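By letter and in written order, the chains are A, B, C and D; residue numbering begins at 1 in each of them.
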């Protein structure tokens, strides 16, 4: 059998080397080592940061990490599978309440099941998944933006249920969230009441921080594995062409339902983290604005990439906070009712403008922009020796821009661009321009 | 796990340990100084007392919040001009959460260690998120509206009665003063949530006590056209309507009821009325049938406290809008000041000391801003069960003319904790 | 019986106004493929301009100026922002509009403040009563104007060269441009129309049963989204039908809430979305939407 | 001779900077003449027309060299609208009338640029005189017209501007013979009034009949030109359309030789991954010879609305053979492939693969039976690496679920690396091994075609459906591809059903050929038989040629 692959026995098909390029392998390995270093650095920062942060930033960090989990899930749906959802606040709410109910005290009002919080965390993701799966008759049939608008309904329906099912949810007043704990150790300010390592006290927020770092890292790793697995390829294939995907043996409806299910499981988990970060939940926390924020995160961050979702989540969660923290103290707080410009208003303007600016100027979102900046830097550093790398076949037209698609943008190492950013063509292939949602005109004119 | 990752993990662990060793975490607080024999904690130095305000200057309640913030500033400036509190100047640290609970919680975290108490926390979802945290931290919170749920928190100081008692008093007022016969139906249009739903509870309790029926209509802030609700109320044959919504909805409802020829009293409770309504087409209807049940004296009330509040406000914001927010903010300032004074006298100006001092207070009415003497010594009970009843009147500033101060029988019997 | 008729009349009249808003969504979507999340703010802006201008120049002139200004606003947003997106796909365009919405809404909130601005419309708080059914005059006018506007749109799109060109561009932009139709112009016209419709809808959304302009009107416009979706994304008749369905369904749910108590209170808010989901289950492209052909 | 009305010189166009669609194309159109450009799918004909009508941008193309001069003026910086106003109008390929607009409205949209109402009315009347049927149906929606009427509407719509130069993109596409003749007559009539016509045609018979001058465009280059009558007689054209003669062009390996089918066994060898040389068919437990099933198509009929794309077509693909499906554009070949693959539903008739009936199955179920396919317009995930595209082909052979993949369970990882190894083997076989890590959008056209073939092979099919595998390839690339397909087929004993326009390619590769024309089977046999069949010659080159 081994002779089957022996290319010397085949006619020389293409007048080009049939073996993999050694130079390529080397550079690919170097890049992935660089990536790993970046990941390790990020982890060091995530672990060391709480020691320097005050409660404000710790709290902001907790919300950011909860958002990252939900946004990563949404980017699997929108970026990888090309579906759109504005209903993820509903799944987040479901996760939050599922956690709270499962872990809640049996004696309290409203009562809970009193199960271990770890189990409750799993239940949160599970409930999200089940709800997502139940929605599959719709999510499997609708596409892109159509699905996105249909899911708006979920937010309102779930709010209605949350307010009315008060025996479980506590109604509009909501209910207290049981702190996360494992036997003998609580991620709050009690049990042990005082915890210090090398003289530094670890309070509830610190402990939660580390829990969140762990959950977020695992969630991101799973998502990024998933994207690169058989299922992830199937989803991307469905996004890029349902007919083709079906012809390759992919059950398109099931793939779409899977994407929706996985994504809502992430939203459920993110919701549970939000609940832990808040300490008390109420239906008002899970309004349409939350869904919209999730969507802003992944688009601003750069569709499709896990890193993009993370960057976007941090951006959307912390930017308004930073603007408020440093904008509201501006000296010209106008008199009330006089219609003058005050700091708070100014920070809202800045937030809206930031969203607009990213979309206008950064192809591939924040992650795309960062990746491009990095590769530009690297190209500049490497400029003297460029071309000796054997990256492109002479005579073959060189590559187009690395960063035009969000999927590869986060990892500029995989797409070599010897021509440099200046030579990139302005246009791209038509089918390449809209990874997320099928374009309207194609739908209707076919 | 390969060798590289193992190395990395070891590196991380080492770094973390090193950081922990050399970190000087500032979280240990401002220490417990003892300036002038007074024990102090977060937010209090020898010269200043810092209080916080978590408010909504860019969200849906921005306008009203701006009025209150201006009044707070004016009030504390006047206090400071008179020599401050406990020999210290009071500094008000205002943060805008834009009605976003996540933002509010983070801002709360940044504030909690730097203030001795919170003058105000505004907005239902924000209150729901922040109150439990403040309760854990033992940090005083004033001015979070009047939801019954706040009674469950030791740190909360409700400036007056609760929405539920406003609702109960409203029914009592309709029966006793406006002579609604037994068996008649009262419509109650309310926002779902800790404002409207709470008020509905009160009105339903009172209805049972007084032998009338409540016909509830739930709406949300997005409903601005209440034609369908008004028609339903007419169909139900209501002889009065309670409204626990925002001003927009009160205006729409009274306008449509009028147009349908439903000539019945319309009673709004605290935040439902806004004098701007009088300039709209609902103005005449409200002027004829509108009443307001509030925990705060109306803008036009002639009590010295209210006059002082208005005076301060008009000096600070000559073009500002008139409304119940002005006396409210003044009253809250008075309550906090009283608590600070008591804490100072008790020699404990820490956050915990402030909460304790607040619960020792009784008999405050802020020179007529509140409907009777407020008593904060009974945990879990409202400071008063009395309310102001005003008639909508376009002739007076602020649009409300005080009729009476009352404590109805069913308000007295209302079980606050259920 | 007259109660039912009253609720139906309420539903139909508000439904027509919602149809105007939904029509704006349709036109922007068909002409430029953008999901205009800022539409609610444009509605609010239009209404605000009327209220702000009418004391000086009178209601009618103010309405005219506001409509023109809202149309211009749409054209500017399209020309300056939408056309300059780094990546032109529906998701980024939708998020862009959210950014625009944030900016517009903040500005409106700041300007309106604590006030409830009266529109000064001549119909004031008058009502019309026919056989026990009472409907606000404003709503009768609104229904009339909506019908006239829909007729005008029908005329524009079927009887004028430019309207036909807009439809051609919406159906197949590439081919239309081969006919010499400039997509930039049809796009601008689409945004202008949508802006104008939004301003008119804004006037009626803030007229009598509602008391003047307050920032929450922007949210009310959101109720037009289920109307748009269940009518079909690219169909003007669908927008009208969707608006009517949402209006009537909401009015009836509110009107008979007591009989529907098992489902919980506050159903009025949920019903449009529940109806939308049901419709989409049966017809994934909405009631009037074109079937997306599934050919290779 | 005066200056030409249209003068294209040295034109080069590329898409996305990678796909070179036209290279150094030059041609002229004299005022008042008809010029035909002949070429098969993927030759760059539509690109050429769009470059002239300034509508390349809409599909992402860019002129990289050369000029287009119209009436003496360089069009470089004008847009479509300006070109239309100057009297240069294109009728797009596939008619593309506005289906929701009435006939009247379609015409109105066509006359959009004409400001003068009187001129518009005149043009309108002229169009309705030219196409009386349109006058009759003027209030009907365009979508309700028949194919021929739609083509008339598309032409009429363009005539509303009273153009000086009309660009026609494959007007005969998918039309019945008598309609094609009618369209030809119409073109002549239009020309009589002084309008010059640049006509792009795949139907050489029709193109050469109406044109004064003709060019042959192949893979982006002009390969022949001259007076239409002269060109019709050349070997070049005959070869191009019938694959007659020029045996020297064929790679020897392409000759249909009996291969040791069924002797190739495909087994999984665990551990093969470590040796770096896994068998191509490393699917679990698939030790049987690939193809033992016969594909039987019986009386297949497909209708879309009122259009019948296939009518009672029957043929059989014997196990382990290469069977070609040919016919002029619009003959129903792609429709047939799409029905076999499960993308379209048959209106009537049956398709059996072995014992299994395919017609009721959905695409992914058909794929599960071991039927893989490629697409006429390459359909790959552009952002994704070539390797991952190939791995999509392995989807049906892999088992790891979503959870296993996310957790990277040992089982999933092992499976993944085994299949990656197989994919590398397949890629090396096709000579694209070195391209595996590159995102597909960075690859040139020819390589993309190979990647797509690789993806289909990765599915380890027993039946391979190839929809124009060499469309748009240069001669060299096309023979490389032929060699690759032949070798793969021989080694794996696949059955292949092939749709292709490149006749030398088909004639060299196929053992049996079924010829379709207007949805009907008009001939079947060996390549030699088919080449001699007068029906076939008539279908391709027209009645005159067949008689000659």
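In this section, contacts are C-beta pairs under 8 Å (C-beta built on N, C-alpha and C of every residue); 3 or more make two chains touch, one makes a residue touch a chain.
Note that the structure is predicted; figures quoted are calculated from it, not measured.
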| item | value |
| --- | --- |
| Central chain (by mean CA position) | A |
| Gap in Å, rounded to a whole number, between the CA centres of subunit D and subunit B | 72 |
| Interchain centroid distance [CA atoms averaged], subunit A/subunit D, Å | 40 |
| Distance between the centres, which are taken as Cα means, of subunit C and subunit A, whole angstrom | 33 |
| Whole-Å gap separating subunit A and subunit B, where each centre is the average of the chain's CA atoms | 38 |
| Residues within subunit A bordering two or more other chains | 163, 243, 336-337, 345, 348, 433, 435, 445 |
| Shared-contact residues (touching 2 or more other chains) in subunit B | 58, 62-63, 66-67, 192, 321 |
| In subunit D, residues with contacts to at least two other chains | 58-59, 96, 343, 375 |
| Which pairs of chains touch, using the document's own definition | A-B, A-C, A-D, B-C, C-D |
| Subunit B to subunit C touching residues, read off their complex | 58-60, 62-64, 66-67, 192, 215-232, 235-236, 246-248, 251-252, 255-256, 258-261, 274, 276-277, 279-282, 284-285, 321, 323 |
| Contact footprint of subunit C on subunit A as seen in their complex | 78, 84, 137-138, 141-146, 148-150, 152-154, 156-157, 160-161, 163-164, 242-243, 288, 292, 295-296, 299-300, 303, 336-337, 339, 341, 345, 348-349, 351-356, 359-364, 404, 433-437, 439-441, 443-446 |
| In the complex, subunit D residues that touch subunit C | 53, 55, 58-59, 79-81, 83-85, 89-92, 96, 98-101, 105-106, 108-113, 157-158, 161, 304, 334, 338, 343-344, 375-376 |
| Parts of subunit D lying in touch with subunit A, wherever the complex brings them together | 14-20, 57-62, 96, 251, 253, 267, 269, 272, 275, 277-280, 341-343, 362-364, 366-368, 372-373, 375, 379-385, 388, 391-396, 398, 400-402, 404-408, 412, 415-416, 424-425, 428-434, 436-439, 441-442, 444, 455, 459, 480, 483-484, 487, 491 |
| Complex contact set, residues of subunit B against subunit A | 4-5, 8, 11-12, 15-17, 19-21, 23, 25-28, 57-58, 62-63, 66-67, 69-70, 94-98, 100-103, 105-110, 112-113, 124-125, 128-129, 132-133, 136, 149, 192-194, 197, 316-321 |
